[in-house]
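This is the structure I want to talk about, given as structure tokens.
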Amino acid sequence: MTNLSPRTRVWLGFGLGAVVLFAAAPALLTDFRLSLLAKYLCFAIVAVGIGLAWGRGGLLTLGQGVFFGLGGYAMAMHLKLADAGEGNMPDFMELYGQLDELPAWWAPFANPVFALAATVLLPMLVAFGLGSLVFRRRVRGAYFAILSQALAAAMVILLIGQQGTTGGTNGLTDIEGFFGYDLDDPVNQRMVYFIIAGVLLALLALTRQLMHSRYGELLVAVRDSENRVRFLGYNPANVKLVAYVVAAGMAGLAGALFVPAVGIISPALIGIVPSIEFVIGVAVGGRAALLGPVLGAVAVAWAKTALSERFPGTWTYLQGAMFVLVVAFLPGGLASLWGMVRRRRERQPDATVPADGDRVLVQEVAA
Amino acid sequence: MLRIEGVHAGYGRSSVLHGVDVTVEDGTVAAVLGHNGAGKSTLLRVAIGLLKPKQGMVLFGGEDVTRLAPHVRVARGMAYVPQGQQCFPHLTTAENLQLVADGRRGGRQAMASALELFPALHGLLRRRAGLLSGGQRQQLAIARALITRPKLLLLDEPTEGIQPNVVAEIEQAVLSLAGDGLSVLLVEQHLGFALRAAHRYHVLESGRVTSSGAGGTGAEPAVRAALTV
Amino acid sequence: MTVILGQLFTGVSIGAVLLLIALGLALTFGQMNVINMAHGEFIMAGAYTTYVLQQTVTDAGLSLLVALPVAFAVAGAMGVLLEWALIRRLYTRPLDTLLVTWGVSLMLQQLARDVFGAPNVQTKAPDILTESTSLGTDLSIANSRLFILGLVVLAVAALTAALRFTPLGRRIRAVVQNRDLAAVSGIATGRVDRLTFFIGSGLAGVAGVALTLLGPIGPTMGTNIIIDAFLVVVVGGIGQLKGSVIVAFVLGMLQAMVEYLTTLSVAKVIVFVAIVAFLQWRPQGLFTLRTRSLA
Amino acid sequence: MSETAGGLRIRGLRVVFDGFVAVDGVDLDVEPGDIRFLIGPNGAGKTTLVDAVTGLVKATGSARFGEQELLGRDVHRVARLGVGRTFQTAALFEELTVLQNLDIAAGAGRSPWTMLRRRGTVPDDVAQALETIGLTGRRDVLAGTLAHGQKQWLEIGMLLVQNARLLLLDEPVAGMSHEEREATGELLGKVASDRTVVVIEHDMDFLRRFARTVTVLHAGKVLSEGTVAQVQADPKVQEVYLGHTADAVAQGAEA
Amino acid sequence: GSKTGEGDDTGGVTADTSGDTVKVGLLNSLSGTMAISEVTVRDAIMLAVEEINAAGGVLGKKLAPVGEDGGSDWPTFAEKAEKLIKVDRVAAVFGCWTSASRKAVKPVFEENKALLFYPVQYEGLEQSPYIFYTGATTNQQIVPGLDYLKAQGKKSVYLVGSDYVFPRTANKIIKAYAEANGLKVLGEDYAPLGSTEFGTIVNKVKASKAEAVFNTLNGDSNVAFFKEYKSAGLTAAAMPVVSVSIAEEEVKSIGTQYLSGQLTAWNYYQTTTGAANDKFVKAYKAKFGADKPTSDPMEAAYVSVYLWKAMVEKAGSFDVEKVKGAADGVTFEAPEGLVTIDGATQHIHKTARIGKIGDDGLITEVWNSGSPVKPDPYLKGYPWASGLS
């Protein structure tokens, strides 16, 4: 591998990814496992965005669930309306909402084009609004992290409180069709899987381009010294905003794809806990590398399923221990293992002082 | 007082020092001179214990301190003024000093005499150190190191950013402290100052000591020659 | 009118609870920049300490009093263990502490479930603390909440004094602000970190004892309130105890008033909106320490 | 910015921090092509003056660069008017390479489209700056691992590629060796030909070699102004700043 | 194409009954906020499974329980349900507590034509062909609770509930009932699940001077609510609270100090008399500890396993459609008394009971419906409820 040009390596990587996702996985996995993989890949899409915003931009966003949710609800609203048929209200609304007619803010989602656009644009718009406020006022670091976490909490409370129009805690469930395709049919479930896999690959390509562009370098510069960037004539708020908005769009798209894959969107998927789990996946995989977040998200979600099946009583310990060990002792995430193995082989004694931990981290990841 | 023997050190995978020996005799001032990036600061970081050498050892007063944590070395009588006007930005000037005086016998007195050396700090005692000007912070940093009444003082470019008349005072202070038995390891770019103060000088080039000799203004041509090659 | 007065007191008391929880965070988060998500589980540890103590000390009043110092020590010891095992490796990456301690919090919750069972447990409060003091005709104030208010006042006073006037306070602040410089100034940074963590976590234990008077004692009791407590510290201004104090009471009051007029959910959302709006005005929190550094 | 930009013209500049007056009504004119040295005791207000001009702290009065008023603008807007500065303690992007640091400094005016693409080759101005600051050989190391002096060179390099017309340098040679100072000084001489340069320094050797004009600040006010010789001879300046040390006296006699 | 053993193209999955054991799925939250309640339900199901196995199993096959943790997270419930059905190929699943988790798994069971036994009282207005509801529907719990208040001469109530589908729907029903029965609803407040700050809500309750409170809070929130309630000086005598989610387990964790004298509406209490209950309580305590109380949802879960057994035996097959077909009229001598499956709604006939919490933490019955009440999930038999669904 080492004597290939970077460009060749990238193409090889994408090729390999495509083979795994489009050929190997469908051939080897049962329908049930493949549908789980589809779900994990949705999380991976969120993770790619977090990798950009957090890994590169230093924006620890603990509220990605909000954007995931916006995308998911936008999609689910459309599908529910389509299931109900022209002029009808979704089942839950009649049951709990006792509304005489569809609320006005639901109506446009009947239009598939509007709904599809909304799954991406709505989260981006919200991220833009919030980001403009927050970044311009230079709220950052832990402030930003905790604020974004509170945003997730607030969003959940808001959704739950509007049971009649949002399905409350239940969320939107029992989604049967996807643009005319019956989701009960395993063939159509496969189609959904392929769409998700394709979107993931495309977004990876896009993100790679962003990370390696001048913008990507600038983003790292802003992370390291926001004020210095200002003295060079840039407005760092805008630089961060781009990463935040892109990450939000990805999360929204992931949420939208999650709905046909899993058949439900609910506040439980977008609150504080799932939002932290998104980030943990990224940390476990390796925040600053391109593929780290993807691997991490899939690994964490897969481990959650597998551990909880295998060790129903004790899997929480294992899950917790995994988070702790990887983040504390392998700051570069699983993606950095490769570099470490290589270093071990070179037998270089490592006398890093703790204060340089972060610096070393980035070198490793860049390697 | 201080013997640095065969020290190899660096950061991560890069090595900076390649077998450095430097000795500071009791009650003398030794200067380390060299270009930017030669490894002078790295040497002082090894001496105080912020950086563990990959090889070699640090002896202080005859004791091997290579494995001791920085605060233990300070308790043994070392003091260090890092490069770059460092301070505790959210503590006031007074607190920056008080912090070091806390729990030390004669701390109060030591604080008073340190302030005497830098009268400019008097008016700034209640200002937070992070708001001070660069030179004020540097003065604070030296004062803070002196409060521990060290036996050995490690100074990394102490005159950087300090106004000329205060530089002169620092020079006087260093000389008089050395006269009272304090040993000093001084890293300086200000050759005039360094050589006037130093009993011995060492030139560091790319992590190796390339020449040494007796201090004094007379050494200046030799040092300049050593530095330009 | 009495309702309004009652709500005023409710606001104060919500603030007191928030503050009691935030107080430990003001140290570990505010001073040390550690985002300890397991703080809630230290609170839980304090509550379970009360429960365990009551198995032997059956007098409710006595056991409560004994529980305060014991819970402080128990939660404090857990904090020290956490600091020693994990946190000290993370001082250069403060945001990672959030993720690591999140994992720890998951494990501690499961541990509580395995040791004490998934269902909540119960402690007996001294009768006087389950009653209320009547003020005028219709207005009465819960004694338990008065007790907590008193406890908070005490804790704030003690902590302020410790930070402001003792060498320890200076050291704690110095170590966070410049770790290397603190070490070369002769401060045993490791010991200071552990001590700070001990006190911060110990305060969580005390909060846990107090919470047994108000709510459930169970494995997940810590998770609900912890985000609000973090917000208090953030909005107060990191490193600013007085900021946390003011903000806790203001948020408590706001929450009580808005909830009275609307609903709990709306109140929570409005409090959040208010916080975002506030940070527009004061992005670094109520009180800030500026420096001239660019970082 | 336009090549014909005039000099720096400061009137009645005043900066107050919580009641403490750091800069107290300063008037200052620096012509294009000048190298103005700003000296004065520690805490005189030199850095604060630069902070005010570049938008980092709030100030009253006026500071015009060419036609443009600088006060009251955001930092990044001031920078876009062609005002560049360095910092007393080096401020680089430590986790980017030397080359990336320079490339970013060169790029504030780039179009979004350019930003979203990869840097193909090293831009000419960046390559030239690398050469000028002597870091060509280290262009791919992380800036955070540079030695103190190298960092300061990189900062100057960033100003060069930023194409600033007004350079405000806060102790640019602090920590540099004698030869490096010489080189830096000569560099300043070169770049000053079509720029306006203000240098804050405490190194009197350096000042004597490279200053064209000098302003002395003291306690927030202008204490003295003139050529190097005039200023050095001013007893007030000797009193508060130079002292009567061996250095100062010897050099004073020489001058 | 589909993989062997996991589903066929008709969308149904047949349970694997080929061996000499048959798998059954247990789906409860063992972690997260709901673990508090659901763990006890899991214990009760396990008790029934063991008893059945000890007695020879079902149709000669021993039951092999496969447990999954729903983690208090509804989408996880759906995932685990699918796993139990498709991977483990269980014959039936027992579990879920919150209505939200039931709503999440409902399409999974319907799609795969598999059986779920749901053991908790709920809000009604639902009837899935693949779910059997062994807890109370509204006319077996909430309506009797209201009837009791009315009989006590209460003229006004205040509604307090958790913010989710069960309490909101329950309160809708209560308001319809109130309107028709001259009961004034003086206020209605919801707290997010898990919320523990009840200062304001209790202030509002107190200020309303209602004659009773109808409480649909779930889980942890009850602890905080009742502590606040007592501290505010409110008493069971002056303003009783009727709770529909507080059973013996919760009483134990809230403390009788705070609850003594308050009312609950359920179909079963540990103190319910009868030989079946004596046996159940004894067996449960022997297995899980003398200090562990039994409660309504536990009993309903325990009963659900026996009901399934009876249905299977009546059908003579584990086949889902056949089992469903055999359901109507199946009875079981349950701890709460005789229960009978209503084949049309797949709910069961249950006796409604109002209980009063005693100083000893046990709940004693103060009123019952005399005979099992026919389930009416859509309240079709109640004219005042006509506008509800």
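As written, the chain order gives the labels A, B, C, D and E, with residue 1 at the start of each chain.
Heads up, the rule we're going with is that contacts are C-beta pairs under 8 Å (C-beta built on N, C-alpha and C of every residue); 3 or more make two chains touch, one makes a residue touch a chain.
Just so it is clear, the model here is predicted, and its values are computed rather than measured.
Taken together, chain A and chain B share the touching chains C, D. With centres defined by CA atoms alone, the chain at the far end from chain D is E. If each chain is reduced to the centroid of its CA atoms, chain C and chain D end up 47 Å from each other.
Between chain B and chain D the centroid-to-centroid distance comes to 28 Å (mean Cα coordinates, whole Å). Between the CA-based centres of chain A and chain C the separation comes to 31 Å, rounded to the whole angstrom. We define each chain's centre as the mean of its Cα atoms; on that basis chain B and chain C are separated by 43 Å.
Residue positions of chain B with contacts to 2 or more other chains are 11, 50, 131. Within chain A, contacts with two or more other chains are made by residues 157, 160-161, 225, 227-228, 316, 355-356, 358-359, 363.
Shared interface positions of chain D, i.e. residues touching 2 or more other chains, are given as 47, 87, 89, 91, 145. Interface residues of chain B, counted against chain C in their complex, comprise 48-50, 69-71, 74-75, 79-80, 82, 86-91, 95-96, 98-100, 102-103, 128, 130-131, 144, 148.
The touching residues of chain D, counted against chain B in their complex, run 17, 20, 40-44, 46-48, 88-89, 145-150, 170-171, 174-180, 202-204, 240-248. Across the interface of their complex, chain E is touched by residues 2-3, 6-7, 10, 13-14, 17, 109-110, 113, 117-125, 130-132, 134, 140, 142-145, 213-221, 223-225, 255-256, 259-260, 263-265, 267-268 of chain C. Only residues 11, 14, 34-38, 41, 83-85, 120, 124, 127, 131-136, 138-139, 157, 160-169, 171, 189-192, 196, 224, 227-228 of chain B touch chain D when the two sit together in their complex. Those residues of chain A that touch chain D in the complex are listed here as 209-210, 212-215, 217-218, 220-221, 223-225, 227-236, 358-359, 362-363.
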